[in-house]
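Below: the structure, in structure tokens.
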Amino acid sequence: MPETRPVPFRGGGFNPAGWRWASWIAFAAIIAAWQLSSSSGLLPALFMPSPLAVLEALARLVETGALTRHLAASLQRIALGWAVGTLGGLAIGTAMGIFAVARSIGLPVTSALFPIPKIALLPLLILWFGIGEPSKVATIALGVLFPTIISTYTAIDGVPRNLIRMGQSFGLPAAMIVWKILLPGALPGILSGFRISSSIALILVVAAEMIGAEHGIGAFILAAGNLMQTDQLVAGVVLLSLLGLAVSFGLSRLERWLLRWR
Amino acid sequence: MRATLTALGALLALALAGGQVQSQTKEKVSIAALPFVSSSPIFIAKELGYFDAEGLDLEIKIFNAAQPVAVATASGDTDFGITGLTGGFYNLAGKGALKIIAAQSREEPGYDFVAYVANPKAHEAGLRKPADLAGKTVGITTVGSTFHYNLGKLAEKHGFKLDSITLKPLQSIPNMSAALKGQQVDAILITANNAYQLEKEGAGKIIGWVHQETPWQLGALFTSTRMVEGRRATVEKFVRAYLKGTAAYAEAYLQKDASGKRVFGKKAEDLYPIQQKWVKPEPQPQTVLASANFIDPQGRLLVKDIYDQVAWYQAQGLVDKDVDPRKFLDLSFVQGHMQVPQN
Amino acid sequence: MDLIVREVSHRYGELRALEAVSLAVRAGETLALIGPSGCGKSTLLGIMGGLLQPSEGEVLTSGPLPEGCLNPFTYIFQDFALLPWRTVEGNVSLALEHHGLGAGERAERVASALALCGLAEFAHAFPKQLSGGMRQRVGIARAIVVRPALLFLDEPLSALDAQTRELLMEDLLAIWARERTTSIYVTHNLQEAVRLADRICVLSRRPGRVKEIVGVEVPREERANAEHARALAELQSRLWDLIRDEAAVADREMQNA
């Protein structure tokens, strides 16, 4: 029998399936390294508080009950602002996905207004909406509106045209085509737009709470920054990231449920 | 106009000569400052060659908020800093990295600086003097700002609770102006030139001045602990030049006539090009005069007031309990500090 | 219901796709539409069912609607055109939802259409869980659930493999035997045309014109019998002769020239 050689294996790799514990281990390692450099004096408290100090600041927030107050105030603003911006964005984006006129008007207007930093508009927002809740909600809603418009109308653009023709061939009225074919077909794109817009809402809560807010995570972070209380500042930032993680987790669950047909 | 031009020419010649002859041998130092008239002893001392005379080559780094000035000095990005004293400053100083060495602005009776400005409606409804602010809504920049402190002291003086004022932290002067114009707040605290502007537009009424209510030490020149320990001689030279600047500033801007009215003469006119060069946004001559607040000509601090400030911020829970003024005050560079506590 | 196409021409901008096409489809028959690639078959089918406005000419119908007909002109698509987010049942019921039927009647109609297409056990499956053949069965069920007067099929089997195609052809034949729905069937596959159609309309290359209409003499039920194999093979080769040269030329043309 002639000599045999095994065929060399050249597949494998390029398959970044998640490794469950990797993220936890990485987190723990980073925090441990941080604590070590803090307690060894390598990282002076002047520049960065130690994780323990941050934890203490968080504990103080919990003890004094300030945490619930700040969370409640911010969550209310975020939820309301996000909902208003999202509903507006869905309506405008859908109109732009369907009507040529809406698109020709909406596209340049959106492109012109999207990049305006909302913080620059704060004095105007104060004049229009006052310094109570409406201006804070409006800041977040404005930030959420434009990315939602863009993700909605691109998602509607992406719905296969043959599905619309199918709907027409069965005599579905236009409203039914929008409701039963366009919107569900655009849902994956709209949902991934939610990921972006919810992050923007979290980012903007700090800007929103620049306007005369007594409570709220953003107000807390701002006050800590102004007072150079870096431990509280980092604690507030940690709270925001936790909130971001929670929202992202919730959205993943929602996606998995709504898009189970994929 | 002619005088201004001559002064400018003389300045230029001086700057050029100084720059060419000695720059190699001079010691480099830097300071963080805000582009305000209140920083101008530094600008004057630099432009008139007082630092050069001490053998210092000064670089002025302009910042746009008080906080970064303190942070830059604490972190060693600059050797010195000059700005207002806030809760944030004390928290930073309490970490041991900063030393206050001389005075900057002070709210001194007779010198307008920060005003209480009411919106016209509230004014009509009876908000006529700062003591009436009890129970009102007042816009400030931030929690722990100098404005916050002023209100706290005001409440103490008139015997009402600070809690009775609804404080609205609005982060910036434009936001505060907008809130006043939109009648979202009954009053704000704001510096003189802005206060005059609001009154001119009919958007606000000046109902009083902080110096009439609660005089206090508002700003300071400071350096890092590292500088004081490692380059003491340099700090001494710096302070000498700075004090020549404050003296020149006082001569130009802090003079009064026999009746106690402030008067500005040719000296103020001569210094205008310097203000024009450094102050942002570029001021009109009358803006400079409106903004020229009191700065002790000899750089002396109202020491007891700094102790009081720290105690007040600590009582509000805005400054950490272990912050101790004794540790960040270095009174050895300037003679004759006022009201030094004896302990 | 009869369908009459009269002098229909169609242009896409400068491109002439159809030129003076006239033909009549008789009630209950199945007409196959063949012709070289790009000759305008899909265009003609779209015009026949009212999805496309012809540049010239008109399309008429005559005769009564079948009983219970909800959507007279109904299509079955080459790419199935199923909504991936609806189950099999949901996809079929989509065609009924705007007709104001009671929930009970709708469920009944859907269930019987599914049963007819052998989909009863898959009612709650999503399209992605189905094979290509099963997906097209859903497309067929969705079409017959509305009891169409005219059924338009645009290459309904061309996305499927040969074995699945064979099975589905039998299903279609069974359905036609029951419902006698007037059908127009576009295909590239001459064997399909010969197996399924009563008459076969051959179009010329673009711009498409009716070149010839050929009847299939053998009754549909008997076409699987061995005795007819030869006659059918001859018919198929005759059709191939008719379109071979056209197809060769069409093949060299640029698609959108």
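Letters A, B and C mark the chains as written, and numbering starts fresh at 1 in each.
Keep in mind that, in the parts below, a residue touches a chain if its C-beta (ideal position, glycine included) is under 8 Å from a C-beta of that chain, and two chains touch if they have at least 3 such contacts.
Keep in mind that what you see is a predicted model, and the values were worked out from it rather than measured.
Undergrad: When contacts are scored as defined above, which chain pair ends up with more C-beta pairs, A-C or A-B?
TA: A-B
Undergrad: Central chain, going by Cα centroids?
TA: If one averages C-alpha positions chain by chain, the most central is A.
Undergrad: Which integer distance in Å separates the CA centroid of chain B from that of chain C?
TA: Distance between chain centres, rounded to whole Å: 86 Å.
Undergrad: How many Å are there between the centre of chain A and the centre of chain C, using C-alpha atoms for each centre?
TA: Roughly 48 Å separates the two chain centres.
Undergrad: Could you state the distance in Å from the CA-based centre of chain A to that of chain B?
TA: So the centroids are 41 Å from each other.
Undergrad: Any chance you could list the residues of chain C touching two or more other chains?
TA: none
Undergrad: With touch defined as at the start, can you tell me which chain C residues reach chain A in the complex?
TA: Per the stated touch rule, the residues are 49, 51, 71, 73-75, 77, 79, 81, 83-86, 94-95, 97-98, 126-128, 142, 146.
Undergrad: Which residues, counting only chain A, touch chain B once they are in their complex?
TA: Touching chain B from chain A are residues 45-47, 122-124, 126-127, 130-132, 210-214, 219, 222-223, 225-229.
Undergrad: How about chain B: which of its residues touch chain A in the complex?
TA: That would be residues 67, 70-71, 74-75, 86-89, 91-92, 95-97, 139, 142-145, 167-172, 174-175, 177-179, 181-182, 184-185, 318-320 of chain B.
Undergrad: Touching chain C in the complex: which residues of chain A?
TA: Those residues of chain A that touch chain C are 162-163, 165-173, 176, 180-181, 184-185, 187, 259-262.
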